[in-house]
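The chains carry the letters A, B, C and D, assigned in the order they are written, with residues numbered from 1 in each.
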């Protein structure tokens, strides 16, 4: 950690700060410049509160030199992690296509879509049973019944299933779910992160709408610090002033996360844009940017089918897209 | 709800959409303009998925005419709500000063600060026992022990206490807490919102970092829909490109929320700015903007005292500020 | 234009508003719902100030039904525009690679890079002669001398040149520049937009850091309304809370602009990210998203070459990237 | 400037970087830690390109220790600047009220409003003659005729006038304008900044919608570096995800700019919110935050008067607000 002091700092205050830092077990290197003094801290600074130091009246600014995340950091784990989802490998060159409807609605629906997306190249089935909704008056999902329907679809197709868990209290219901999803709104629900950290089951962690990459990785760190190192990250758009799409898909996060962490990184173009006709170009862009997989909404109900509805693709559109995704990956990795 | 169709829409597709809407129990008024057709929906549109409609290929855009929140809306409750916090009134002209340390650290600390802030005009004591921290390696609070220390401070001073609850599983520990705080990161932890909605206890709901005012009010609605109408809102800064303060305090939200809702609205200038010396001007600005109260961090430990630390004021600074806040309120309400 | 009135509007005020609107030459259709009244305006509403109406005390909200841009709109010009840059076609299936250094520094430098990028597949040479710099103390470019060096590089290689013009006063110096660039900071320098609108020369308009797509297209409209319809758009990143890259590249803007306008749309991954090693993945993602071309910084000076410097690629990296871009385009358009 | 190198940097590359830095005339202090090496640069680093260094492959990050602005910095000019606007003092305790209509429309209008706002306590008259409009089809202002009408209003009332200049080409028309306004969209129109830097006339510089405080001050620096030190800053809202107001008024910028610079700082609550009924609370909040003045839109036309129109106050509302502003300032400065 580097602490840059303000000009004309009183010697007495500086001495008090240095004493305090040394009491924390740190070695302090002082280098005095013509216009400023810089303190270099050596030792374990992970417990030092950067915000506190930064706001001291004699401090101009503070800079952490080492990343605050460890388990998730590529520095300490240079090889790509490969996550095993019920036998399916994700990451380290293993690209995964996840597809399914926004919500599980009926056996017919979910089994139908599962078969369709499997035929179109999907390797994992997604489907919401517990639904986070902005309004308490909106449909909140079929809950336990939805999970049961997902299990049936898994049995019928052999596809592992991924579905969102919204509360640590519900975790017992998810025991045989293959991949647990933590949604964007719960990315900093630390109670839930700690609980899934106690499991030994893969977790798909979605980036929060206002999360920096560091915060995103610190949330992964919460899970990993508990001993569960099977974390898959998912970029799904951030909130900006831009209002023509639901969120702004931040694709540069893919190669940047690749540098910072060894964990696999997926892209969800459906939630990022909220508009079906933007999903194929953004899915292709995600593949081109080096993502380890794509999570895409696919539906088969008539209202959607009628009008290219919402953010979901039809199975036909998805099949067409899958083929192009394969071609783009080949072009990029050539 | 108003649906604006695109130019040159095929009659067949339009008919299918209108049929579908009517099957949802809505009356559809069609008005055809030279360049576009507008559908006006009459009936209960609260269950209609605006995103779905908006993304249909024949639809240009959709506009909700009525607010999606009801319990929280001033339309259906024109008078200001006055929330009772263990005998203390908040809202409807009753201004409240909440103060205390970021974290509860020891009996000596919390009782000392409680006495100091009471003397300086605070009416409610704040203090973190369960702490949401970005890093799993940072201090997570004294938890149950911290709650016990808050109770002691309450006994010593008579001040009601407010403290953050991070998980519905912890709620039993908070039974005799006077005012439950839901933090910014949990503003859309719907499981937690529903649980506190089942209680009959006042809740202080902080705005999420990326929450629109509508989303903020929908989260209040989650609590109120459960039957708990004792909600106090708190603006504490949003996330923007601006990086000189921790967040950007959005004070125009105060008069705007005042129009939209009957609930009391506080301002937290400490978390919004993260810098102690900006707290007094932003507290005064909050009072001038018409807030129903201020929530401010005050400390008394030597490291902070030494250097105007972090985002916390000393008791002396707080006492001075309290006086100016009173004067500003008088000036504004004259 | 649709005007939604508030509940319980006084009849008198409503009548005054309707009268005033009719005096502007509009026909007003009133449809009264149970909870609100909606006014539909028919006629030329382009001169009606939406902000003014929206803020009237009896108005809940206002929605424009027709886009405010005309020349740039695909509605009135369904075919892709193909812009001719000194014989080179851009748009409508004609993909263009623009490359060159950030600043023109010397004849040796610019001619050397020009030859290298031509060999690597670039069709237009970029290079800054007038440089917009945040600080008045930073290098402001070689100005007229830089333009002269660009002309020499054009003569040596046959590549058309694109370079930024920062002021309408400088325009005479740009007479024989093939493609005039308007930078992001000048996207709403309306004086400059009007002046280049008087020319008959292609213009590359970069999106402003905080510009919505509508504002971006309205700036194109300024140029086109003057009679100069040869506008090429360029997405180059927007400003968000994200700070790991210089800006956030908004690739969903590509397919969305494609719907809204017939103008060609390029992507500049160099300025968007500011980091050389992120340029190739973002260039490939841009190609996959359907852009009409890429504008990329390439350098050949030793300091850069030494360390993969800044946001610029080496000619070798650019050559490698060009090949992959071709492969991605083939994969996407298959 | 502090340069933090990555782990495991090759000695050779590090030597090349240090050599290069020393060739720029800098002294380089190397301090090697266990996990990283830090280079401290001593000398004039203002010409060193921070972005370039930051993106070198061996560099982890770079931190500027000294501010890049000089003339505008409080470090080199500890006393508040007091700007003289045709005899009226602004800054250093001299609070200024600026008021007037959005656009100058007629002699009757501007003289009428000028008299009304003067009676209500305004000391400077504002009014747009050249209007920056997003759409080329919107009213662009009366231009030279508008300036003439402002002169008449000045003659009738004795109020100095402030009005926006949009292009350096128009500057000759503004010769006897008392205070030149540079609008938010032109905050980084460097050609215009340089030109007004050549004048010896006070300039009101508005913050750009996406400008950091550093960029804002660098734009002031452009003017001051030209020799014109009479700059007044104006916060007028930034662009965020928030959409209930036109922009988000960033009031914490007031005390923060106060620390960074000696220049006076105003607040414009009219453009920031775009909604008349939010102007009084935000004006009072601005005064409470320590601003040196307020710039507020006031109108007197019947359409506005009818309905509390747009972002403008009536003269009566303005008179009432003025009185409260005085009271708030007294409360805050007590």
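Throughout what follows, a contact is a pair of C-beta atoms (placed from the backbone, for glycine too) under 8 Å apart; a residue touches a chain by one contact, two chains touch by 3 or more.
As the structure is a computational prediction, the values presented were derived from the model and not from experiment.
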Please flag the chain sitting at the greatest distance from subunit C, going by CA centroids.
B
Subunit A and subunit D, separation of their C-alpha mean positions in angstrom
38
Rounded Å distance between subunit A and subunit B, as computed from the means of their C-alpha atoms:
26
Subunit A to subunit C: how many Å between their CA centres?
31
Set of subunit C residues in contact with two or more other chains
210, 239-241, 243, 277
Can the chain contact pattern be summarised as a line, a ring, a star, a complete graph, or none of these (other)?
complete
Which positions of subunit D touch subunit A when the two form their complex?
2, 4, 7, 29, 31, 33-36, 38, 40, 42, 60-61, 63, 65-66, 75, 239-241, 243
Subunit D touches which residues of subunit B in the complex?
210, 212-213, 238, 240-245, 248-256, 259, 272-273, 277-278, 281-282, 284-290, 324, 327-328, 330-332, 334
Touching residues of subunit D toward subunit C in the complex: what are they?
13, 16-17, 20, 46-47, 49, 51-52, 55-59, 68-69, 132-139, 166-170, 185-186, 188-192, 194, 208-210, 215, 218, 221-222, 225-226, 239, 246, 274-277, 303-304, 306-311
